[in-house]
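Below are two complexes that have chain A in common, paired first with chain B and then with chain C.
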Partner chain A sequence: MSEPVLKIQDLSVSFFDRAGEAKALSGVSFDLEKGQILGIVGESGSGKSVTMQAILQILNSEGRITGGKILFKGEDMSLWSPQKVRAFRGKGCAMIFQDPMTSLNPLLTIGKQITEAVTLHTGKRGREAYQRAVELLTLVGMNDPERRMKQYPHELSGGRRQRIMIAMALASEPDILIADEPTTALDVTVQAQILELILEIRNKLGMAVIIVSHNLGIIAEVCDEVLVLYGGSVCEKGTVQDIFYHPRHEYTKGLLASIPNGQSRDRLKPIGGSPVNVRHLPAGCAFCPRCEEALKICLTDKPQTLEVSPGHIATCWRNDPEYRQYLENMGKEAHHD
Partner chain B sequence: MTEELLRVEHLKKYFPKKVNGKTVISRIVDDVSFTIRAGETLGLVGESGCGKSTVGRTILHLHTPTGGKVFFKGEEVTARNIQRLRPSMQMVFQDPYSSLDPRMTVEDIIGEPLDVHHLYKSRADRREQILELMSYVGLNPDFSGRYPHEFSGGQRQRVGIARALAVHPDFIIADEPVSALDVSIQAQVVNMFEDLQKKLGVAYLFISHDLLVVRHISSRVAIMYLGHIMEIGNVDEVYDHPIHPYTQCLLSALPLPDPDAARARKRIELTGDVPSPLHAPSGCPFRTRCPYADEQCATACPGLTERGNDHAAACWKF
Partner chain C sequence: MSKTIFRRFLLSLLTIILICTLTFFVMHIIPGGPFQQKKLSDVTREALNERYHLNEPLITQYFLYLKGLLKGDLGVSITDGRSINEIIRLSFPISCKLGLAAVSLALIAGTVFGTLAAYQKGKFLDKLILFLSTFTTAIPSFVLSILLLFVFCVKLKWFPIWSIHSPSYVLPVLALSMYPMAYTTRLARTSMLEALGQDYIRTAKAKGLSSGKVLFRHALRNSLIPIITFAGPEIAYIVTGSMVVESIFNIAGIGSSFVTAITARDYTMIMATTLLLAILMVIMNLICDILYQVIDPRIRYD
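Presenting the complex of A and B:
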């Protein structure tokens, strides 16, 4: 396989303030391949947005990368000059946010904003930049693009604004498109259209996409690979089928059991307790206090990350070969009885 | 069959709106009718702005209805008797962060409706009722002296529900009660709603745009579009055999947490935008986006007609 576009190696990020240290990420690793759509799931506070901020190097002043590396096309980004980092934001990696209204300038026309983005990233000016802006609007499925160019953001529906945001992100022809909860503010029918659009441009342009969401339905719809985060650690990563049909971490299993599946009306199985506080991480597995299947060792020792099947990794003691051997022996004994 | 608890007949709520100095009428809820039986849950779904919350608020006279009638246990709800009826009809709001007074302890938040309606004999009785309500909704009674900010989103939602339950309602309107919560916490709150219904026999109008949660919790469901109910009936009937093109489209867009099924199914694409309630189309409200619409659809609004198996739809074509 060719080199991944993005390689995150053992990344740790903490926020330091008067209250002490908040370990937002503790040793997160994953690869993003060219043309791949990676979904990141996890509950509020699990570190999804901080991971994106670390990649784009836009952590606020209290936040610091305390360990690990981020490699873009094999290059260690921590060695880059500020100019190179700035060029990366946009050309290397563009981001779209949950609420397009906060990222669009209400006082400028759509046309002005997109042509500015085109000029900034490609150097194209005047007629040429205008042409490219119209092309981008067409690419994101806006009907009547010439008219749209003259409109202001408030004249458009939420779904159209999100399309404009995507058009602007594409102006630089980025290698990576990051979408942090891109459809949370949208209705289901519009959400479906935006997800369809993301799939379509990935197929057309071959860029890698990271979609952050806590809606498992959205992840199942569009992602190739899925990363599950809990309390700043990776629980599990695998293909969308691995994660939804053969989960190997108790947190993933818990998440899947807690949503209605649209078929049975059996009682939902919530995950008990409340999310871990990253200011007071437990000594062992971060999920241990809420885990119904916890072993003694989960309380005291961090689980290792293991490849449970090709390309499918999980960080749970229950996958430990010794433990599985023990289970098997138990099974055998049960048969002898 | 269980008794009818709430009957909504041709409910209308119009808001006047100033456009370029002229006052025009915005028809937010237009001719909505349904019934809810004691102890059952009616789900109300539809996209943002279609008028779901306005239906809820108008039933409780938080908005004065522009037209139509609401009957509660056979008695017509009016501006005069709403004060007396309100303890039996409660509302729980979407946002667990802004709907609780941050300066009040949880004990006083839950106790407030008891104070308003004089529902205790002594201070000790008041306190006892509050602690019982807390344990009902799964809150640790030891935390009664705490303030809302010391609780998580799911716990705050429980406080809001305990407060609604304080006056022993027969009917609760729950307006997006789980939307702001993480999935694992959502499940806890959904289960709690179900448990309370089993234990206390409360009926719910459960407003949500999460179609999966609505299917799970409801016995019946109403699909709303631009102030109108397009389809209503038994939840499995409507989800498995949708009649109205809008319902079909909505269900086909629902993100399924099952990758193979999600990829295999066919989506029905909707073109255009929801019209503004200020420029609602003549005839069927959905006709401007409906692939099957013809002249008939533009001339008259199709009312809900019964299609059998507790299932009604408002469509000329199907």
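Presenting the complex of A and C:
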């Protein structure tokens, strides 16, 4: 495949305030290809949302990119003028948010909010912009689009509002669609519909999609590749097959063990402890304090990111060739294989 | 909508009648009367009481007053001897003009300053605006008025001293508008900050809108409700004049009537000023309620 649409290289973001520095992201890298759906998982504070905000450059005033690069179609975004960045928002990369209840302006009609985006990105005005907005509403499967145009957000259900968010995001025919927890605030049945819609649109328009979620179920359902974040670093990255069937990082394994599968009557196995505080990252592996399989070295040294199989990378000392060798010498089987 | 407004109108009328009744009786409960303190012979006092029906039973006086009111007659000022309709006709327009100018200035400038401060939160401009608005809120209006008068009329001679023939509204409008302007600024800043923190502002930014459009199309309207809530009663107060500002600038407005009427026990004048304020207040509240609905489609009263 040609050049990736989005290339994140060694991205670090910190927030600075009176209490000091919080390293929200430390050295995250990944590529996003055209037409690909990438899932980003991790618990609260793992850096999922910060990554998205850094891409769109909508970090709040305390946040700063402290290292690394974001390349959009090969261009370094840090060199862009504010105008170009603004054009990128929406046009290059559109975003839909977690809570469609609060993400639409309550005082403006649906029509006004969609046509606003249409006018901004396509230059269409008046009747033309209105037509395009109606088209978009039809595209996202809204019945009676003409009537919806005149309605206010509070007159619609959560699922419908999320469809409107998607329609608004599609107004510019973006290269990338970022969906930040797109279904978290919705009913389960509506969740499935929205996911289906995202898939359908990807197939129709061929854009790249990033889905940020802590819900592994939806990630498994729609994504091509998965990125697992913990404490601001990449734990593991691979295809859905890799991550769900051959996890190579203890954190990923922990996440998978904590999903109810609907069959086993055993208690769910939670990951012990609480998420790492990014103000005080440990010297070694960020996950080490909660890891049940931690080695001595995990406490003192950061693990290397290794390619464990083609396209599948993991950042865990247990994948270290020397350690694998040692296990073999001990005549024991590494228990993951 | 029109049905709601009609119902609100009837309710407003009831409110005014209630205020009118309450004021009338409370006013008479307070011991003393308009002719008590003055050195008058008993015969004169008796004659005056008779002239103004003050020796009738209270309930009769009340109905006599209501009868006059229904004919649009507010009676005669007890201390002044002039008809109150005449007094209001001459002085209310002056206060009203002054007040409207002041309140418009205050609301517009206050909203702009507050919005700017919120947009520049934590930066120099925000701190400056916050400091000035706190400072202005703390200065009593008589100090400000005298200061303005002294600096611009007496020392710099930029503006003439006010007279009916050459009315110069600039300084009194400034003096009147300072407090509400400072208050509006603080209100606008707070509600703007709240609006800017909302999710839909993030959506608007992510859409790629310019900060001007984010601020004025998406945030401003969402921050207006508290300002309108403040503006309604404030307009009613300000157009009925300020005793302090009007007496310092020597303006023949209605402001001083409110205070002097009470100290002089000018019963008819107390009734008239209370009624005027009550009517204005009720109208302003009605307008506010309608405006809420215009601004926010989620607010519906029926």
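Couple of notes before you dig in:
The rule is short, and it goes like this: the second predicted complex is superposed on the first by the 331 of 337 C-alpha atoms of A that agree within 3 Å, B and C clash if a C-alpha of one lies under 4 Å from a C-alpha of the other, contacts with A are read in each partner's own complex, and residues count from 1 in each chain.
Note that in this section a contact is a pair of C-beta atoms (placed from the backbone, for glycine too) under 8 Å apart; a residue touches a chain by one contact, two chains touch by 3 or more.
All figures in this text were calculated on a predicted structure; none of them were measured in a lab.
When the shared chain is aligned, chain B comes close enough to touch A:Gln241, but chain C does not. In the superposed model, A:Gln325 lies in contact with neither chain B nor chain C.
Between chain B and chain C, the partner in contact with more residues of chain A is B. After overlaying the two complexes on the shared chain, residue contacts for A:Pro270 are found with chain B alone; chain C is out of touch. When the shared chain is aligned, chain C comes close enough to touch A:His121, but chain B does not. Within the superposed three-chain model, A:Gln131 lies out of touch with both chain B and chain C [touch as defined at top]. Residue contacts after overlaying the shared chain place A:Ser309 against neither chain B nor chain C.
In the superposition on chain A, contact is made by A:Ile218 with chain B only, not with chain C. After overlaying the two complexes on the shared chain, residue contacts for A:Ser78 are found with neither chain B nor chain C.
Against chain A, the residues of chain B that register as touching in their complex are 47-48, 152, 154-155, 182-188, 190-191, 194, 209, 211-213, 215-216, 239, 249-250, 253-260, 262-263, 267, 269-270, 273. Interface residues of chain A facing chain C in the complex, by the touch rule stated above, are 56, 58, 61, 86-91, 94-95, 97, 99, 102-108, 116-117, 120-121, 152, 154, 165, 168, 172. By the touch rule above, chain A contacts chain B in their complex via residues 43-44, 157, 187-189, 191-193, 195-196, 214-221, 240-241, 244-245, 254-256, 258-262, 265, 267-272, 274-275.
If you check the complex, the residues on chain C that touch chain A are 122, 198-200, 202-210, 217-218, 221-222, 295-298.
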